[in-house]
Amino acid sequence: MRKQISTLLLIASFVLSGIAHYTHMNAIVQFILSAIAVIFVAGFLGRATENVSHYAGQRLGGFLNATFGNAAELIIAIFLVKEGLYDMVKASLTGSIIGNLLLVLGASLFAGGLKFKVQKFNVSLAGLSGSLMIVAVISLFVPAVFLNTHSITKEDTDTLSLIVAVVLIVAYLAWLLFSLVTHKDYLDDVTEDSEEELPHEHAPAWSRNRAVSYLVLATVMVAFVSEWLVGTLETFTTQFGLSELFVGAFLVAIIGNAAEHSAAIMLAMKNKVGAAVEIAVGSSLQIALFVAPVLIIVSSFMSHGVMDIVFTTIELVAIGVSVFIAKSITQDGATNWYEGLMLLVVYIMLGVSFFLV
Amino acid sequence: MRKQISTLLLIASFVLSGIAHYTHMNAIVQFILSAIAVIFVAGFLGRATENVSHYAGQRLGGFLNATFGNAAELIIAIFLVKEGLYDMVKASLTGSIIGNLLLVLGASLFAGGLKFKVQKFNVSLAGLSGSLMIVAVISLFVPAVFLNTHSITKEDTDTLSLIVAVVLIVAYLAWLLFSLVTHKDYLDDVTEDSEEELPHEHAPAWSRNRAVSYLVLATVMVAFVSEWLVGTLETFTTQFGLSELFVGAFLVAIIGNAAEHSAAIMLAMKNKVGAAVEIAVGSSLQIALFVAPVLIIVSSFMSHGVMDIVFTTIELVAIGVSVFIAKSITQDGATNWYEGLMLLVVYIMLGVSFFLV
Amino acid sequence: MRKQISTLLLIASFVLSGIAHYTHMNAIVQFILSAIAVIFVAGFLGRATENVSHYAGQRLGGFLNATFGNAAELIIAIFLVKEGLYDMVKASLTGSIIGNLLLVLGASLFAGGLKFKVQKFNVSLAGLSGSLMIVAVISLFVPAVFLNTHSITKEDTDTLSLIVAVVLIVAYLAWLLFSLVTHKDYLDDVTEDSEEELPHEHAPAWSRNRAVSYLVLATVMVAFVSEWLVGTLETFTTQFGLSELFVGAFLVAIIGNAAEHSAAIMLAMKNKVGAAVEIAVGSSLQIALFVAPVLIIVSSFMSHGVMDIVFTTIELVAIGVSVFIAKSITQDGATNWYEGLMLLVVYIMLGVSFFLV
């Protein structure tokens, strides 16, 4: 009964939001309807991910979720690149990274920590992901420093951006090889074993095929609803006088990461904090090592010139401090509610600063 | 007998220093007398803290010490704020943070390490305190970067400073809730248990009530003597041509932290290195998360305008490198004399640099 | 038989390279011959080091190797200082530090990781070396920040540089005291014990005295060949239009560290990853804490004025990010091929950036 009501609400909010979008209703009505739709669609995605993760193992489940969640962001960003809105693209990439590392991870650890005193997970994965995030930050940071301290031609900047993009994609593919093939067992979550001893508590609701189909369907629905929502933002936010930087880096990122957010919190509250960390950090890694480089390469085939890899100082600072504090908190493999709160505090700090600029 | 002599010296040096202060003797005489008084008063405070910590547990004892030690600094700083000497306030806050993390912690680990080959302590607390120090550094660093790269009105700067101040105080109160209530057991020092097996060696000299009364009395005496000493500094140092930045960040901080310094070294030499780390790091945390924000809020009620949270570049660098090296050294929960030496080396580097500027 | 051929090739390549150098042959011929000679000579040094390390223990073996490897670099740098080429000296010091931390360590972990799934080593040493590298970075970073934000006279800059140099040398001597005397056992590699159970596999080929004599001989040969090679670089590289910064920081450093490189990879592939880390990190430490300060002090006795300690922004960034990522990767005491790859990725990033500047 409760299940049927939530299915009904999911379909109703999705259809209503779609109607509002395609009939060009009032922007505020569109915004509210699509925001409501996101909540239900993201909830659906969370349930689907959880079911799939039962068959695929916690970590692969987390990885799938991150991949699917970022598919929506990648599609939206490609449209922005096509229109040459490079600053907006970089702001939303920045927002997505800090949103995952601070808001998604922070809310997950906080919510999970209120329920469980100390939550533990496989420290090998956290250490490696943290090192890889640092490599990503260095790759964004070094070109910016070199270009700010030396006069380099636009051509050399483009060359540097494309080389860095290719190197990052190679590093990402090697990471997939490492984490899914050569060292799969090594990184498997330590808590996974203990859960397999309790099959009754976590029995999957759907069959394997159904779970995978629903995961695909949910991701497609999230992509649609996210796009409808983003479409309303410009009109909507100009009425409140918010800067495009703030909108790109915070509103777009929060809504775009709603799926990861919802899934990660749900997992943390079921004491699967390893999977929650994997979603948040994995999603950030994918943005930095895959989505950003792909966008740079895509831009070189379009009409507005190569999108360079040079982020602004405040974007770099925001990404750098987020990686630094997230790494510091996850590296011991044990989390609690206060660590979640610290991440949220840094997110609020950055939010207030971006808002006032 | 030995105990009576030290009590006599404590009272005598305190009274003499008070007489020198209130009868406006020669500044150098005042300086020497108050400096001597500080040594005895701080020793008294150390003994009182140690006694109280027997009843309260090592970590709470360390926390009490940090709180009482910083009470003096807070009072002095409020007088400086009242007179609008905001640069001097920030220099002394900077000096207090780096003094605790480098000088107090360094001297404790060095002295303790000469006596014991390797000293161990609860790594959970060190990890969390380190993360919290990073949050504090980020909170000081982000506004400075945003204000240096964008033109922001004085009003927005004040708003940002006040918001950051409130967020930091909330984070500090949540830290107290976490460390003293919800996760008290989790953070308790691992070495504490082993000591309880040896009650005879560490029997407290005073009763519970007496210990607490003496702790309060000692703190009040430290506050008085510190203030007398600081009062002599301006006259005293101008004769030697030292810059106010150097005086604020080094002399004031060294003398203001004499109590923590003395207590921490004493504890480290008794192999209670966990309590020593707690004093040094706890005191830094309190400066950054409590004293600094309180001063910003207090300044908004006074006549010289809001004291903004924007520290100078060299102050931020000094705080940043101190937190970074202290975190790196304490994060494995084991210390030795060389780690203490490294902290002292960084302190000397910063001292020489500040001196030459 | 195989042994005699390699001995023959070693002598032949060394003699041919020497003839080419002293008869002033064509620069490209000189370059190729000396580069070939370096491969064999470095291989000889690697074998000698391995033999000595059997008698001296892994860690002391690693230390000896780092010392001998840097002897060549120190001699070359003193000649550069004598000619007043301070920028070239700093570029090659930078290149040597990042070359050791990224290229040598990265290639070792990658090669070792392809053969062994996870390689472990004593985490105490890695943690301490990491902290010491941070102290070294701070010592280079702080003077640069102070001098860039304040106007300081040339005299004060010289004073600051000399004081920092003396403090660093004291820190280095204390480190030797700590690691070789007071805490030798504490830092001994954990894997060493397990290897002693397999004496037959690792039986030394040479007697103790022979091994030490060969180590000295090999080091002298490396120094000669390195110098011949470096002598050809200027003529050789101008034909390809490479900047002096790139040549100093990459080509000179790669060739100058060939010995460490070869020895470290060889050790990692024999699962002695602790010794490989010790070579790479130990060599960096020696450059920062011993070679650089000695050069500053030496410069004060020569005719071109004191060489200050102020590195350029991009040199500091390169050193800083190298230390940061190397520390992040080594601090858990376990390595794999992907961690090696990450170090190499950062090295390529820096290389491309230096090349384009």
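The letters A, B and C name the chains in turn, as written, and every chain counts its residues from 1.
The criterion applied here is as follows: a residue touches a chain if its C-beta (ideal position, glycine included) is under 8 Å from a C-beta of that chain, and two chains touch if they have at least 3 such contacts.
Just so it is clear, the structure is predicted and the values come from calculations on it, not from any experiment.
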Have a look at where chain A meets chain B and say same if over half of the interface residue numbers show up on both copies, different if under half do.
different
Between chain A and chain C the C-alpha superposition rotation, given in steps of 5 degrees, amounts to 120
For chain A versus chain B, what separation do you get between their C-alpha means, in angstrom?
40
Using the touch rule from the top of the page, what residues of chain B touch 2 or more other chains?
none
Contacts from chain A onto chain C in the complex sit at residues 123-124, 127-128, 130-132, 134-135, 138-139, 141-143, 145-146, 149-150, 152, 156, 159-160, 163-164, 167, 170-171, 174-175, 178, 182-183, 186, 327
Please name which positions on chain C make contact with chain A in the complex.
117-118, 312-314, 317-318, 321, 324-325, 328-329, 331-332, 334, 336-339, 341-342, 345-346, 348-350, 352-353, 356-357
